[in-house]
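Look for chain A in each of the two complexes below; its partner is chain B in the first and chain C in the second.
Take a look at the complex of A and B:
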């Protein structure tokens, strides 16, 4: 029996070798032809490589990606520049009443609940978004760094913990949002149960349900977006920390460097390109927050019966597409361009800062 | 401070359970304030030994003592050592200045004094003009000198140098060698200097350890080791051009070479490995006659090639004592400069 198995294995290895040999020979033959063709073309001075300039070749290879980008990214961007000059655009019958240069921008900027909170509310789309960006991004980056350093230093169960921390990344955002909403339920929610365990009065302590205070629902939203974005950051940081040459830590140990200094003077600078990349992409991502709010509070962006709204900029834009003010795509385009401008400015600022702080 | 290794052993085990004995039962005492050269071929366990003394690699068995303190279990940062890594390990994101300053920042050195010490040390190793550069903007030799400065600047109790001069050109190498020796003398830091260059080790060390396959071969002052090697490995490892070695028989207390008695030896009959250094031969009328195969003139000296028991043997003699046309030449060598080694153990049998 054992012999049979051994023979079978030997046979498979042989077959494998035969196949590898075939591929090897095919490559040799093809290379030979390639050389012959290119020699022939050289002799006749027909070699296309010499005729076409470098950029033409580059364009040819890039064309598949460029075509897809053009249809789904560049065209919509150009389109939104076109849309933004229409006055009172109506999508259903495709009519406009004229053209305007800044009208749609002014409409967005002066709109109630975009920058200035509407009279009956306590917040606006821009305020909400900025709060989320400037609280959740720094906290999540710092947490992700700390967790990756900790994960990197443990030996047993390392891959187990890595998997645990990576799970949120492969879980659906809406599903996580529902779980969060359930956890923060007023009656019998995990959080309230936990708080009352410590003797805190939680009767009617509402987080995401009716009459929740603004800061409480905002807390849940920020908590949620930090948690949902942690997995990817941890993965990126952990990978880059694992890529740091061990000898720098050995040298630091020899030089009697305290743990905190090793972190701030060696680990962080050596992965600073990754931290920069994560910062830029998370700021952009946080500005575009939408799913999380819908998952926690529904399309209205507010718990029932409250006088405020947790709407983000993107939610504000969407209301002109399929929300309460559906149809006026020009205003939506103006909102998108404003969001684009904010993100552009912030990214440029970050790049300037990074010139001093990032070590490539 | 005295440094003592007791039965120090390191066995690396890889994933398939294969074991490599990188360091094998080292028993060495390094006297306080001496510079010891650790010498051996590539892969013989020099770096591993150094890393165990530094605390970066845990010994499989054995103990390490600094003075009377057992430091075997002590963390590297508590040992107060300076280490120059074989591949420098300079922090790539810091300037040369910051790199050298880094160990001082971790100690309670006043800022002014720290800056002063960094500058003095940088000038000493000749990189005073490069303080603002990043390591990637330096040549290999300059990086090596930054690494030396970083190790020395904190005035360690023990200084460990892992091939610190391997990337320097010949002139700079000589200069740095003397510089290291001078600094070591002045500061009296107990120093271990790893190298695979026997000439460098001989010129810088107070004492040398020769390692092979993780085992100590000999531990002696350089000249003693050169003049009376314990075994064939050490004899072959030291000296340039290398020692001639060939097989010869001892019959009736006579060493037989080319079927003629060569000299009287006081050891039992049998087959031995014979070692003779090229520079120990002299041309003399009443010497042993050899048939010249080739003659090379190399400056002051002349190299003669001839056969001893079928092996090519080289002799380095004074150019004056020989002319090109000679077909034979008579050579002598002092009895105590002929080394006979046991064929099995490789140990020297007519010395010590």
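Take a look at the complex of A and C:
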């Protein structure tokens, strides 16, 4: 019995060896051919890999990313410039009636709700966006700076607070926006309850529902956008403050420098490149605000039953995207190119200034 | 120092883990069984009658005893509290055991074991509690050399000792309050300490206030999601409700009747495939940009970087044309011929910012490693998978999480894609669309706020769990990359 078992084992090992040998032979033969072919190509100076060293290999590695990028990043850029010059592009049958150079841009710029406030209201997409940008960005940067300096000055509970402040970064904008809208409800909303606790008359004080005044709705929107954007800024500021050389602070401590002056003469100048970077990126981010408005006020961008509108530029663009009317997509493309121009200017300003380095 | 005691303590710790895991499995199973038992309102005219949801008083038969609605709510709430406490505890313990090569045994670990034993006891995990307590005493014996009896005897003298020490210190301070100069110096120091204390107090007050503003929406969300309709819409909202009134049925209604189970499934499919695609394409591309030398590499890379400046809104319009009828034909076709998942996944299987981020990381890996691998006959691909990827794995992991987050939060592209599909497109909604576009309105214009907020909580909680599990990776990744994912 034992003998049989031993024989079987030996037999299996033999088979395994045969299979292994076959594979090795195949590999050897293939390698041989590979060498022969490359020798031949080298002799005739035909080897593409020899002519463009690295290209063949690089293409192999780059192709998955490049194919996707070509279809969904490079082609759209070209396509949107094409779209902008079409007149009455109809998506359902893919036809146009002619070409126009600036027609679509003019249509956007003179539209009632883009720059010029609509006749029956006092708001337009650009005005709304500018208000959001110029109020929410400075406030959020000051708050983030204050919080990160305060966080840097404490030891116990530091990582606990850091974790809490980071929470808004990992949440769904729409979900928390719905919660905010619920908190600012007229009847039984948390905010109204809180205000009436201080003796403020809150009966019928509407924030995001019907009959809300423009500035009240705008306040909720700005409050929410600051709440949502604080996390990232605090994180970046804290990292850069922690990177400051401790010697500056020690020197200041020896001279008994007041805390306020340490903040304004050491901390802020030394992280000024970061502050500037954050300012530019958050201005760009605020220009593209969309999800927060949708979450708070729905896809129309207005509380029910009011005459104004809280549309942002991006929201203005997206309202044309369903393509139901001929020419709508061209208008959307023109709008997004205008947005691109604004962002491009901001980015160039950032590059120019950061070349000179904002320091001291 | 008794080596036997050390080995024993280590062994008991491992056995305790097994019982911890068993207890957690039991909690989860019990929760699932009870959650399944919860009775939904009857369906009238093809629609669930949500008006009577809060007035139903069903009774449940469970393990031979009859439970009413309130008892059922309490039991589920308690089980969930147990899970919330015990799962992180196990995770932290496991992590500590797997990362540290040395088994820690000191008076601190004895105290932590004792606290954990009390928590185990409170969550009806008696075996673990007993084992942990036993282990605590072993640890004390090992560290201090006390027996159980001696330990209890030593508690009172130890406390007395500390008090006596403190008294002696105070007496000393009063004693050398003699000469003039030192007393003025002391006054100065005291003043400075007061200022310092007030400043510290102010700092903490500010931080706590801001933390409250951050945390209150989350608290209000969880609280409202457990209220009934009257509780969520009343004019005098409650700031706290007892566990017997936590309506877990809200979540069941959201998952089944309002179809959020399907939407979560869709989102997970999209997130998984687009993340896998992103990881593969970005690793390959970043490797090519970091290591392979070819003509025009810098030019190609700078072109890619430049496109990062272009706002996503520009792409969305034309990409919509690309995937629709006149282009690839993934959406906007007659019902049944649409490929919604393809349209939602393929445009997002690569990302220039991640390629940039990963390339920076790959570039930091020394070139000499590559040369050494080449000398040993390692091919490029093998070098990438065996050397580069393991070294850069923290970065890759951060990218994975950020990408999952961004697909979990995607709103506008899925909305456009599914919006053209009408009724059919609704089956492919992702959660953000569903949150915004599901009608939480009953007949008569009543908005079911408790269900809406429960859906929001259902979307937010998984993100928070992932965040707390991988906090270090995510926060480090954001700090280093400096860009929003």
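One rule holds for everything that comes next: the second predicted complex is superposed on the first by the 269 of 360 C-alpha atoms of A that agree within 3 Å, B and C clash if a C-alpha of one lies under 4 Å from a C-alpha of the other, contacts with A are read in each partner's own complex, and residues count from 1 in each chain.
FYI, a contact is a pair of C-beta atoms (placed from the backbone, for glycine too) under 8 Å apart; a residue touches a chain by one contact, two chains touch by 3 or more.
Predicted, not measured: the structure shown is a model, and the values here were computed from it.
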| item | value |
| --- | --- |
| Joint occupancy of chain A by chain B and chain C, clash or fit | fit |
| First (chain B), second (chain C), both or neither touched by A:227 | second |
| Touching partner for A:74 - first (chain B), second (chain C), both, neither | second |
| Chain B versus chain C as contact partner of A:266, first or second or both or neither | first |
| Partner, of chain C and chain B, that touches more residues belonging to chain A | C |
| Partner chain in contact with A:251 - chain B first, chain C second, else both or neither | first |
| Which superposed partner A:175 touches (first chain B, second chain C, both, neither) | second |
| Lowest inter-chain C-alpha distance for chain C and chain B in the superposed arrangement, angstrom | 5 |
| Chain C-contacting residues of chain A that also contact chain B | none |
| In the complex, chain B residues that touch chain A | 54-56, 75-78, 80-83, 85, 87, 89-94, 102-103, 105-107, 150, 154 |
| Complex contacts: residues of chain C adjacent to chain A | 199-200, 203-204, 206-207, 210-211, 213-218, 220-221, 224, 233-237, 280-282, 284-285, 287-288, 292-295, 297, 304, 307, 309-322, 324-326, 346-347, 349-350, 352, 355, 380, 405, 408-409, 411-412, 416, 419-420, 431-432, 435-436, 449, 452-453, 455-457, 459-460, 463-464, 466-467, 471, 474-475, 478-480, 482, 484 |
| Interface residues, chain A side, partner chain C - complex | 52-55, 57-58, 61-62, 64-66, 68-69, 71-77, 79-80, 83, 91-92, 94, 143, 146-147, 150-151, 153-154, 157, 161-176, 178-180, 182-183, 185, 187-190, 193, 227, 230, 232, 235-236, 238-239, 259, 277, 281, 285, 288, 290-291, 294-295, 298-299, 314, 317-318, 321-323, 329, 332-333, 336-337, 339-340, 343-344, 347 |
| Interfacial residue positions of chain A with respect to chain B in the complex | 245, 247-248, 250-251, 253-258, 261, 265-266, 269-270, 272, 359 |
